[in-house]
Amino acid sequence: MAVLAPPPEPVVAAATTTGGWRRRLSGRRTRFGLLNATPVVVYLLILFVYPIFSTLLLSLKGEDGGFTLHWYTDALTGTSLDILLITLRISAETSVISLVIGFLLAYWITRLRPIWAGLVMLVVVVPHFISALVRTYGWIILLGDHGLVNETLMALHVPGAPFQLLYNELGVVIGTTSVMLPYTVLLLYAVMRGVDRGLIAAAASMGAGRLVTFFRVYLPLVAPGLVNAGILSFILCLGYYLTPALMGGPKQTMVASLIDEQVMKNNQWNGASALGVILLLLTFAGLLLLRLVKSVSEAAKNRGAA
Amino acid sequence: MIGLRDSVAGRVVLAVISLLVLVFLGMPIVLILVTSFGSDALGSFPPESWTMNWYQQLFADGSRWPAALALSATVAALTTVFSVALGMMAAIALVRSDLPMRSAVYGLVLAPLVIPQVVVALGLFLLFEPAAMLGSPIAIALGHTVLATPIAVMILMATLKGIDERLEDAAASMGAGRLTIARRITFPLAAPGVIAAAIFSFITSFDEFFISQFLSSVDTITLPVQVFNVLQFDVDPTVTAVAALLIAVALVALGLVSLLRRFGTGKQGGLLPVDVPAGGDTK
Amino acid sequence: ACGSGTSRSSGSGGTSSKTLVVRNSGGAYGDANMKAVLEPFMKETGIEIKVINPNYAQMLAQIKQGRPQFDLIDNSMIDFVKFAKEDATQQIDYDRLKTAKNADIAKNLLTPTAVGKNYWGSVMAYRTDAFGGKKPSSWADFWDTRALPGNRSLQHLDADIPELEFALLADGVPLDKLYPLDLDRAFRKLDEIKGSVKKYWDTGALPGVLLGRREVDVSTVWHGRLNDLIKQGQPLAYVFQGARRQSNGWAIPKGAANLDAAYQLIDYSLRPEVQARFAEIYPMAPVVPAAYKDMKDEVSATLLGSPKNLDTGFDADVEWWVANDDAVTKRWQEWARV
Amino acid sequence: MSELHVMSERKSPLVLAPDGIGIGKSLSVTKVRKTYGTMTAVDEVSMEIGAGEFVTFLGSSGSGKTTTLMMIAGFVEPDSGSIVVGGRDVTRLAPQKRGLGFVFQQYLLFPHMTVSENVAFPLELRGLSKQDIRNRVGETLEMAGLSRFARRRPRELSGGQQQRVALCRALVYRPPVILMDEPLGALDKKLRDQLQTEIKRIQRELGLTVIYVTHDQEEALVLSDRIAVMRDGRIDQFDTPQELFERPRTPFVADFLGAANFLPGTVESDGAVRLDTGGVVRTRRHDHAAGARVQAAVQPGRLAVCAPEDGFCTGIVETVTYVGTLVRVTIRPDGAGSTIRLEIPAGRAPLMGDRVGLTADPDDVSVFDAAGTGG
Amino acid sequence: MSELHVMSERKSPLVLAPDGIGIGKSLSVTKVRKTYGTMTAVDEVSMEIGAGEFVTFLGSSGSGKTTTLMMIAGFVEPDSGSIVVGGRDVTRLAPQKRGLGFVFQQYLLFPHMTVSENVAFPLELRGLSKQDIRNRVGETLEMAGLSRFARRRPRELSGGQQQRVALCRALVYRPPVILMDEPLGALDKKLRDQLQTEIKRIQRELGLTVIYVTHDQEEALVLSDRIAVMRDGRIDQFDTPQELFERPRTPFVADFLGAANFLPGTVESDGAVRLDTGGVVRTRRHDHAAGARVQAAVQPGRLAVCAPEDGFCTGIVETVTYVGTLVRVTIRPDGAGSTIRLEIPAGRAPLMGDRVGLTADPDDVSVFDAAGTGG
């Protein structure tokens, strides 16, 4: 059950005493939350946490069965570390680019008539019904040295053409971005729809130009969506391997490919688990950082307002 | 009722950029479609001669494609139902309540996206194998739901945040129960998000490889597994015909969704998760 | 449609279960097997066969659970060495294989836990319209980017063992002196070509596309992958000189439910006529020399393992590869990244 | 139509109630309290409301009216205290189970439904037949002058039209208790008069219990059986309009209802007040001892102008403002003290600069402690 | 602070204006028209507003007030017509370039900013120093009684508090023209009086041009230099309050401003009106010919009770309602005709059932065609 009052500020809500806890748990909003959260939590405990637990424990087990951290040192040194770093970089690049493009597209869609908006969404979404393996052949035809893009550029005598658009980092980012775009577009669209256009009018009434209105009003209002979309595409990208493998070169190996290779060829789960745990920790650390940044900027703002 | 128009120049620039991006996104698919009618598919482009050969092979006797397509569609549909239901509840809990240990729950929900899929797949195998559920579409769907739910939750959370929750309160004040509120208020208002979540749940399942592979049995091969098997070692242009077919199926399915919405609500709506913007005029 | 490990294993114990479940990699290879081997076998014996396509890790997981869904594995011999190390496969009882006994199959294909059945191999392929009439004919030519300028493609480690042997051959190592491989020398030689390698292909289908789209002019390729394209008129050709041969074979997993039928099928598949029948529809070569006797020359000429072509290539030393896999993998990854 | 009534449980159909028997429920609020952080929005408010009573919350902006209503409806959980509706403790009950109706200050129309769909919604919940719904919705919209807009979406309506839809949506299903948060605030006088009459009629005919929030004193006085005057999260006085107006218990109430003039002075032995400005004003009965410092309070409308020698106080007319039927006059009293405001019929207005005296009926003069400043 | 003024262009800093020189701009609206589908929201409205003038739009709900304001501000594009601000045609200009201020009916506070950030926003746009902004924001919030809430978010405020923030946000930067759409609608009388005074003070001191929308006649009369009475998308009359009230040009205006009583009758040769109920009522000058069917209109506050024999009309007192300072009386006239409403000082109220006569000053009686029904 939703309640009219907005949720109390975290500071206020932080019930530290047990008495506070008991009161919180007895609140209708709390019970409602527990009721709704229980299915997914139980589901994930049974189908996710429990089954992978023993596998993840392997990351702490040596070949002889004893405790070891060497899978972690392995994962954090040499090639593995390189791969981890490149994965983070590609994921970051991808999520930034797909946020920017996704933002533009989503905004455009909010300004279109429903029928056109629907068609645009179709174009964005439909490619994803096709296996990445197959889609790649389309990319080759489009982006290859003799692909349509380069042929066109050469026909136009663009200096430097043909450009290498595949089998390097650019190729990977093109591929992963195209995969992540639908997520960012649809997510941002859902958020943008909720923005009261009247607020834009309000800013304009005070003489705010388009840029100011955009940065001071529109952007903050869709910021939660941007954060969500950014997190989602970043995380999805972290675990993505097909497109990078298909559209990148050997320097663009992603962690998921590495894991896949270790497991599928060598039945080597320990290292794979270590990498998985590291990804998990990195993600949580990232989320924590986000929250920290948010509360620090909030605090700074409050201090400024004082 | 109040809104600010975008400037003409801005609109033009935005449209041009957007169209370019769209062409870029759609082009590979168009190219594959064209290729699928070429006699030397995957060999040259544009094709030197045309053929329906690959489509015939798709439905030839002994072809595994129809079964794989049917299985994937079934599994994806189940996954969609599971993960949208779970995701909606989770999103409501995360956005609309005072949930104790909210961050922990959020972290748990996101974790399946980060853990390598092979690891998840092995875990599910170890869970379902003793239960004699290998090859069961339900088992595969339950597995895919683990991956699809986080995505659904993310999308639905963003959507819910954009909906004035006091509207739900208004309905409650008239005596609407929680289900009624969900059905009549939250869902219609969240429709774009719900449909987006459904689409991505479907796609997540439809495109998933490891879990499908690990949970497969003698007669259950999903489409991605079949595509992988086919392309792993050989050049088989039949996949282009499969791709073309899938595009058709996707278009029909998405078209149906919009029709259903139109008839369901009696309102003029768009094709996909698009609705008249809630916040202002449409122009 | 819910065949499950549990229900099968409960009936384990020889002949009680009528169905034989065969694992192979599916795809065109699986289709050809079905047509040339499995279907005729079913017709002849009345034994029903089902095919399943789990991959390596998945098979191991099933075997370790004690209830593999399959009775017979059709896979690359190199994987069987790994299986043996994992103690996942049974000792082959050669007494139960009448056909194999005197078929003159190469020794390295009759291992304690696996029986080879079809040769395949990695070869060079190139666009015939690429080098202005010049044709590469050896790995040295592949490496000679000055004489034959153009993009190359080599196989990625994700697809199979790296192609170190080709580098050594290009560097002048004779065919019979390859093993044990000189890693330093091989990678030094690979350094030379690295700049021209546009893509390390990771699926068997890719070289055909890369060559067909003129992304590269010369590439390594699993022999046979280009046959259809060539038939359709694409200007592509193979070079057999220096081909690396490997073989697919049979092995029986621990816990297999239907041993008898498994042995029967192994034996059946090694009959010369069955071997030939398969080779005619799928470009893999029989391991039984007698199979070539009745085969048309056009066919046998295109097969890597035919007596005529046997000397142009070499057999991959799978024992060496498994023993050195980890080290090579690590080194290859590091090499490829810098 | 008016003889239909609604059960408090959702999904139950509307039931015919015999004429004249009220369906309203009694309400009892005990020491409810709500704090936001360090801010106390509602501070131990208690009140007993009888079935079928029309009660208004009157109070300045931010005094806790909406918050109190929200707690009664169940949208805000009180930190402490209890709420009983029709004998049943609903303090921890979900809003949808309380069987109340609500008109929200911000309307909260469903943007995805048309006007008639919005109004039909509560009826659909109660399982009425299509035909009944159509009739009821039609009648209700008609009453509010909205028939032409039945098929519009809320965002295609003007502010006042939206507010009327919100009112219709709450009235249409006749909940036994209706909470209305400034339901007519955006309407012009004519419409407001008309809808006040309708609300009152429906409330009377069905015996509904209504809690009404308004910032319009006149509206409160016209509609209410009793008025609760709120200030800073507390109820200053809860009384009939007449009582409130004539016997305000605090300077705040006196001031809030009529923007009273406060005249400081000292109690004489006969109970009259000698003003600091000199004159003596006779007052209503009070229990301040002789010699006590007090302030005498008089509403601007209860002061009359007279010859300077006849008044309890004299001064110069400073401003005369024309406000339609009435004229507002401010007078600067001789000696010290702040200006005194009067509202008098237009015909009897003095001219600016006139020297005048002031008189008042003793019954219209309240006496308060000097401490109270009249908020 | 009050001597600061704002240029019409964004980003330009606030500029000191010499005291007494108005910074307001003139405004000219010519035949603007806006239709939504088949609905005409605003129908060829024209008006000239002088620099520094305070103009109020008064009109019933849905009459097109907000729409007209929106067109002036540039948020709604007129289908036809033109709008000139300070001599410059702005009809096709983007809102942010028009240099106007706006208080929206729905407040439209920025939810992601605190109260003080909301109010500071327009100042930041104009590049004021941090210190200046802090001071200006502080003063403005102080004026509206919001200082305590400076660091809250809008959703943590009561309805009236939010409305005041919206007002502050528009006043703080002193735009030369401010459009206000019911800016005080959610406030109680006391606060409203106080803020009316502030608005008026600021407007006068800086010579701002203000267009104000209200549904409150009294507010309109108090604040405005001129009032435009709107009905169904048109302006019925655009005049000074006094003119409007005393010489309404249409029955609608008469009715809307004071809920006039309309008495049907026939014009006599001397210009007086013989009512259908019998008596003769003297009226203000009019140009209806003798024998014409007309209706005489009198505001309830302009009627007085007298002995039955002295009145132009007699009747029985039907209801007497207590509304504070005044008493509302309805009288059922002898013979036919609808009830007549009076508002008279509480002291002079008749009793229910009394037979009374009615009189009125001839200057308070307007005469209209019989056709006009008075809306």
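To keep things simple, chains are lettered A, B, C, D and E as they appear, and every chain counts its residues starting from 1.
Rule of thumb we're sticking to: contacts are C-beta pairs under 8 Å (C-beta built on N, C-alpha and C of every residue); 3 or more make two chains touch, one makes a residue touch a chain.
Values in this document were obtained by computation on a predicted structure and should not be read as measured data.
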Hopping along touching chains only, can you work out the least number of steps from chain C to chain D? 2
Given chain B and chain E, the chains that contact each of them: A, D
Which chain maximises the distance between its CA centroid and that of chain E? C
If you tally contacting C-beta pairs, which pair wins, A-C or A-D? A-C
Provide the C-alpha centroid distance between chain C and chain E, rounded to the nearest whole angstrom. 90
What's the distance between the Cα centroids of chain D and chain E, rounded to whole Å? 23
Can you check how far apart chain B and chain C are, centre to centre, with Cα atoms defining each centre and the answer in Å? 37
Chain B and chain D: spacing of chain centres that average the CA atoms, whole Å: 54
Listing for chain B: what residues touch at least two other chains? 1-4, 7, 42, 45, 118, 122, 126, 166, 169, 172, 178, 231, 278
Each of the following residues of chain E touches two or more other chains, namely 75, 94-95, 104, 106, 108, 156
Return the residues of chain A touching two or more other chains; collapse runs of consecutive numbers into ranges. 1, 3-4, 8, 27, 29, 133, 137, 141, 196, 198, 201, 204, 210, 213, 260, 263-264
In the complex formed with chain A, which residues of chain B make contact? 1-4, 6-7, 10-11, 14-15, 17-18, 21-22, 24-32, 35, 42, 45, 85-87, 89-90, 92-94, 96-100, 102-103, 105-120, 122-124, 126-127, 142-143, 145-146, 149, 151, 153-155, 157-159, 161-163, 165-166, 168-169, 172, 178, 190, 192-193, 196, 199-200, 203, 206-207, 209, 223-224, 227-228, 231, 239-240, 242-243, 246-247, 249-251, 254, 258, 268-282
Contacts from chain D onto chain A in the complex sit at residues 36-37, 70, 75-77, 92, 94-96
Under the touch definition given earlier, write down the residues of chain E that touch chain D in their complex. 36, 58-62, 65-67, 105-106, 156-161, 163-164, 181-182, 185-191, 193, 215-218, 221-222, 241-242, 245, 255-259, 299-302, 321-326, 343-347, 361
Listed in rising order, chain E residues that touch chain A in their complex are 8-11, 73-75, 94-97, 99-102, 104, 106, 108-112, 114, 116-117, 121-122, 125-126, 150-151, 153, 155-156, 169-170, 173, 175
Across the complex, what residues on chain C touch chain B? 1-7, 21, 25-31, 34, 50-55, 57-58, 61-62, 65, 67, 69, 203-205, 208-209, 212-213, 222, 225-226, 228-229, 232-234
